[in-house]
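The next part holds the structures, each set out as structure tokens.
Look at the two complexes coming up: chain A is in both, with chain B in one and chain C in the other.
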Partner chain A sequence: MTEHLPIIIILGPLLGAVLAAFTAWFRPKLSHPLVFVGLAISFAAALKLVFIVADAGAQKYWLGGWGTKQGHGVVGIQITVDHLNTLLLAAVSGIALLTTLYTKRLVDAELARRQRYFYALFSLLVTGLLGITITGDIFNLYVFMEIAALSSYALIAYGRGRAYMAAFNYLIMGTMGACLYLLGVGFVFAKTGTLNIDDVSAIIPELGQSQALFVGFVLILLGAWAKMAFFPFHGWLPNSYAYAPTASTALLAPLATKVSVYAMLRIMVTVYSIDYIIHSPATQSLVLYLSSIAIVAASFFSLTQTNLKKLAAYFVLSEIGYMVGGAWLANKPGLTGAMVHVVADAAMTSALFMAIGCIVYRLGQAQLDDLKGVFFKMPVTMAAFVVTMAALIGVPPTCGFFSKWYLIQGAAQAGVWHFVAALLLSSLVKAIILFRIIEIGYNRVPHPAIEGNPAIPRNEAPLSMLIPTVAMALGLIALGLVTSTLVNTIISKALPAALTP
Partner chain B sequence: MEPIQSIMPVWIILTSSVAAVLIALLGRWPNLRESCIFVAAVIKLGLLLSLAPAVLDGKLYEFEVMELLPNVGLAFKVDALGLLFALVSVSLWIPTTIFSMGFLRPLKRHAQTRFFFFFAIAISSAVGVAFSANLLTLFIFYEVLSLSTYPLVTHHQDDDAIKGGRKYLTYLLGTSIALALPAMIIVYQQTGNLDFTNGGVFASGTSTMLLVVLLVMFLFGFAKAGLMPFHAWLPGAMVAPAPVSALLHAVAVVKVGVFSIIRVLTGIFGVDLLANTPSLSTIVCVLAAVTLIVASLIALTQDNIKSRLAYSTIGQLSYIILGVGLATKIGIAGAALHIPMHAFGKITLFLCAGAIYQACGAKCISEIHGLGHKFPLTMTAFFIGSLCVIGLPPTGGFVSKWYLLNGSLDSDQQWAFAVFLTSSLLNAAYFLPIVYKAFFATPTDPARLDKAKEPPLLTIVPLFITSAGCVLLFFFSDKLFQFANRFAEMYTAQ
Partner chain C sequence: MEKGFRIVPELPIWQFDVLLLILVVLFAVVALSIQNLMGAAVVFGAYSFMMCLIWAGMGAVDVAFTEAAVGAGVSTVFVVSTLYNTGATMHRRAGGLGFKLFIGVVVTVAGVFLLSALPDFPEWGDTDSPVNATVAPYYILNTITDSHVPNVVTSVLADYRGFDTLLETTVVFIACIAIYSIMRVDKAKFETDEPTIVAAPRYDPGDSLIVRQTSRFMVPFMQLFALYVIAHGHYSPGGGFQGGVILGASLILLAISFDLKFLLRQWSEKTLMLLVAAGVFLYAAVGLACMFMGGDYLDYGFLDPILPGEKDMARSHGILLVEIGVGITVMFSMIAIHINLASNGRFDRGL
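Coming up: the complex of A and B.
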């Protein structure tokens, strides 16, 4: 049974999506529990695999049992769970599971009568994301990328008004990214004759210096960057996330971009070798500058925002800069930091958008000025929000502190001081924003405990939203405390052996 | 000597956190709520004292909770300095709580539960800093302290409070994230070690340039120590209620700042490195000396009592930094000793300021002329507190300044001797006129004096306790000196 666990991860949400779409015809109420069960199975399998991988190393699974010999893999598709993706698989399926629970009330409120296919699309998106993460085949990765992208266009367009335009914008950029990626895969296939990641990585070193392979590398990376909204391909993201229904954003924001970052890491670390980056210092320093600019620019834009959802969208953009920069430092702490941060940031962004969703559910709007007294209205939600912001700022012992620690250590080791400065600046900006929100939400109202002041009635979000939010926020602290264990047992083994310590 | 493995430090830290939870739960019953603070404080004090004999023998208590980064864990170590600092913070927690009850209750202040809750958390994190075995653990508790004191600073929730709170966080979080954190990461990247080690963590041959940069980043990064130009948060934080200014901004928070700097200088750089690299020692001494003199001069110009006290605190903190910067055994012992001595003196002064404010609403020195006849007890306590801060017998402040002066003569930086003396004169110049005017000047506003009521007993009793403490410290200074000397010996004897 355990040898089939990898495929169960994908099958859970895929079957959930198909069944949910089918039952939506005659019994729409069934789709939510179906999707939930599918994701629960997927999460259980992913969690079990984390332990298996930590004990026994990478697990490979050949679909249909085809092409089990090296070099015969062109026909069969391989899926792999190894040290690089096992944590992300667990994070994606776990966050998706919690988000399913969380979004029920939100969907009922926001999409009322239009929600028939929402959960089918939701589950299909998760299928795509898990597929990108688990696949061991670069063309198959493209297929899953499109599955994820198409369902996310639809999920964004569920919002009304400006959401259509935002979704269209995303569609253009997303399609461009996918094309670039596919073109790059074409170059790789032309040179190596295979699409299997293990085979490609075995063949590439034998080919030596090859212009075509390098072009392929660049095209694939550009594709991944467009998908993850890395500067300067970031234009589509803030509007898409701000105008999409809050329920869609709660799923998209934490997972979609992070999975694209993983795709980039996979290409950099396993498909091509990290030497590609080390041996092209000009490209490396260009990308590092772009990362710093991404972080700094996104931080400044987030300072000017008045809408909470949009502000959080700019946070996502700056975090993308963290991960791309960390990966391109191409040293041990930098890559470790990027890999830890993929998981940590998925959790942090999820907690952030869950807290924002609770606020939106009760206040209707997420303008900063509307937050007056929100700490008295929704104390538990705001406590979770403060913990999440502390994690984003990088206050120990939350997970955000440790990933940032590795990133800064990597940057210091490589002597890339502008990246250090950008990371610190982004922390400071987030701290400013947190305390601006505390000032508005707490200090700007007459304190209700003083006699004569009007009482502010408590109006928490419903429990089905509150519990996942609080669980996620507490998870950030738990994740921080186990960071060292995760790095020692799993992430350090995902690093390329050739790296200097 | 073999360290003692014991979970005791963790329990000691947690005592006040548990108290915080109880405070939050018992919010509706004020008497029960406050008695739980006293119980926690007494338990905590008892546990601390139980560690004292072994620590004075030169033993260490150690405990690692978990590993956070390779080779660096959430770990605690109790040595003489840490214990001394923890003892001071916790023992002053008791009079401050009594004072808070007297100060907050009659005025029917809002959110008292929140106030006591965050106060208890702040005490926990101050003791956490005191017991940290490495820089990372220290940094964690340092940040928790900044965050948990923010609601205390903005307690009044009016515009001034918000402004003061903003400044408070900008300075404290800003410097710690932008300077101390990267400095710490660079140290880790260079040496792979963040433990406070006798003799420092740097390998010999580390470039002086790098050391200088790191030193400056640490000195300014721990802005709680109030080194200029990162001192402005402290006068800004004076918008807080009097008990907060008293315990946190004269003892816990600011002393955590200098404590962190002492730890970095002795445990990360190492006293030998400091003594043998003239540029490092000079940087510490010059920065501290400038702050010392300038802060005292600014204090002379302040009419608001609490701002004058705040600038005085900034100056006195630099005494401690200068003492360690001298890198001699006596100097370090004097610096360590100055932590409790200044704490008792300054807390007395702040409590007096609070009592005066409560009794007649006076915030400025020009408003309290002639007040001594009305409140002889309060103003006498103020007088004793000022003697202690100036450093005159028979108060504890004399002893620590004695050792600091001795230390400066032992070192290469003998000009520090003159700086110490000048500053003491300035201290006298800004404190004694207050006492003089209170007793001998004609009242500027007799109507106000007539209206003034004697402060309630709950605010007077703590003044007795702390001012008696100032005097007792003089007569029992040898006990405290044992702690300070044990610490200095451990880090200087090679």
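Coming up: the complex of A and C.
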């Protein structure tokens, strides 16, 4: 049975979604548990694979039994679980599982009678994201990208009103990204004759200097950047995440962009070798500047926001700058930082949007001015929120500290001081925003402990939302404590051997 | 090569291809610049037909078939049924000179960058090019022994890379339920939102005897052809996607020539949406069956105890099963998407 684990990761949410689409017409209440069970199976398989990969190395699975044929390479589609993606697979399926629990009440409240296909689309989005992460085939990656993209357009458009326009902008940008990616894959295929990632990476060094391969590389990267909302392709993201239903954002924000970053890492590290970047210093320094600009610009915009959801969306943008920059430092600590941060940031963003969702569920909106007294009303939620913000700022022992530490170390080693400055500035801005929220939530109302002031009634979000939120926030600390173990046993083995230490 | 078989490394009739290329560019420019959107939709359909001829000229007959059925056929219908509700006049918002210059520079730089790779590509039809020397020869040499399917495109799509096709079918399924989720509105809500009395159109295009009788006559032939395309995809161009689109188009033709109600009387909303999911389920379930019989996911060869014939015939029959799944999903997705667009999500009346 263990040999089938890689495909079970995909089949769980895929079949869950299809069955949920059936039951939506007979017993609508069954859709949610079906999707939950599918994701639970997927998470169990992904978790088991983390241990298998740590022990025994990469696991490969050939769909339809079409493996390597003598003299032709792999003729079918291969899915691979190796040191680079196993942690992200577990993170994506785990976060999706918690989010499924979490969104039940939110969906009932926000979408009421319109939720017929919500969970089917939800589960299909997770299928797409897991597929992008697990696949070992560059065209198969494109197909999964389409699955994830189409379902996320629908999930955003569930928000109605301004969400339609936001989803449309995302659709245009996402389609352009997918087109560029596919065109790039075409260029790579024309030069290598295969789509299998292992085979392509074996053939590319033999071809030497090739303009077509370079154009393909640039097109694939531009496609991935449009998908992950990297500067200057970021325009679609803040509105999409702010106007989408909170339940959709809780799934999209932590996972969608991170998986695109993973796709970029996979292309950079495995398909093309990292030498490709080291040998073109002009492109490298251009991308590093773009990353710094992305971080700084997103930080400044987050300072001007008055809506909590939009503010968090700008956090997502600045974190993307961290990861792209870290990857393009192309040295050991930088790449380690980027790889750790993909997982850590997925968890942090998930916890952040879960806490915001709890606030929205009780207060009805998320303007900063509405937060007066929120620390007395929802102490547990706000405790989780503060822990999450601490992780985003990079306070030890949370996971945010370790990934940022690797990134800064990498930047210092490469001598890219503007990236160090951008990272520190971003932490500073997040700290300012945290204190601003504490100031509004704690101090702008009379303290109930003082004699004569009315007590503010406690009004926490329902337990089905609160428990995942607290679990995620505690998970950030737990993830921080095991970071060094993970780096030593798994991530360090995903780094290309050619790198200087 | 021996026995008078020679590979010609240039386009078969290059004059013809040059003419088609000119027409493609011309149609693209016209489709973009035309002010009436209905006109643009029709020109765009013509553009797709030109592309279809180019694919056919390059020997990619399956691609040409899909382009004709999907690109020129049903997507034009979707555009038209959307325009039915939005109106066909557009208000162009022209950008300033600076914007135009910026776009011009971006497009030129991107074009030059793409063209810079051209000298690096292998010659057209070169037998030694990487594409013709890595996995493709395996498919051509082994498709008969592996799965008894002479049409290599079908065996690559549904067997060697069957997982991609499962996921593409899922994409069609997602497109359908996404459009349904976005557009579908409650009838009750609609009745309070809009005035119920609508002025009768001066000319009712649905009331044409000739159109009705012609389409009534044509639909059975279309459906028979579509079934042939699905079932005969192993031997000739075609398969689940093309056949499903033609089947869907035959019912859409009925809906347009008679009335949307005519179609909805036979196919309820619930039936349509359940069948959309049923096709994907069939495909995924065939894969699961292979797993329970001891093989890898989608390894149809392991189905030979329950399917007639040896292992290679089991593969062939497995391909037929999944193609039927694809056909079901594609057919009903096309119909459901059309009804959503034409009735503005109300599922009662429309184009």
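In this section, the second predicted complex is superposed on the first by the 493 of 501 C-alpha atoms of A that agree within 3 Å, B and C clash if a C-alpha of one lies under 4 Å from a C-alpha of the other, contacts with A are read in each partner's own complex, and residues count from 1 in each chain.
Here, a residue touches a chain if its C-beta (ideal position, glycine included) is under 8 Å from a C-beta of that chain, and two chains touch if they have at least 3 such contacts.
All values derive from a computational prediction rather than experimental measurement.
Novice: Between chain B (first) and chain C (second), which does A:368 come into contact with in this model arrangement: first, second, both, or neither?
Specialist: neither
Novice: Answer with first, second, both or neither: which of chain B and chain C does A:428 touch in the superposed model?
Specialist: first
Novice: Now for A:179: first (chain B), second (chain C), both, or neither, which partner does it touch?
Specialist: neither
Novice: Residues of chain A touched by chain B versus by chain C: which partner has the larger set?
Specialist: Result: the larger residue contact count on chain A belongs to C.
Novice: Determine, under the contact definition given at the top, whether A:484 touches first (chain B), second (chain C), both, or neither.
Specialist: Only chain B; A:484 stays clear of chain C.
Novice: Flag every residue of chain B that touches chain A in the complex, lowest number first.
Specialist: So the residues of chain B in touch with chain A come to 66-70, 74, 108, 110-111, 136, 139-140, 143, 147, 150, 154, 157, 161-162, 165-166, 169-170, 173-174, 177-178, 181-182, 185-186, 188-189.
Novice: Which chain C residues qualify as touching chain A in the complex?
Specialist: These residues of chain C touch chain A: 113-114, 116-117, 119-122, 129-139, 159-164, 167-168, 170-171, 173-175, 177-178, 180-182, 186, 270, 273-274, 276-277, 280-281, 284, 288, 291, 295-301.
Novice: What residues on chain A touch chain B, complex-wise?
Specialist: 333, 390, 393-397, 402, 405, 408-409, 412-413, 420, 424, 427-428, 431-432, 435, 439, 442-444, 447, 449-451, 481, 483-485, 487-488
Novice: Where on chain A does chain C make contact in their complex?
Specialist: 4, 7, 11, 14-15, 18-19, 21-22, 25, 61-66, 69, 72-77, 113-114, 116-118, 120-121, 124, 127, 131, 139-140, 143-144, 146-147, 150-151, 153-154, 157-158, 164, 183, 187, 189-195, 199, 203, 210-216, 218
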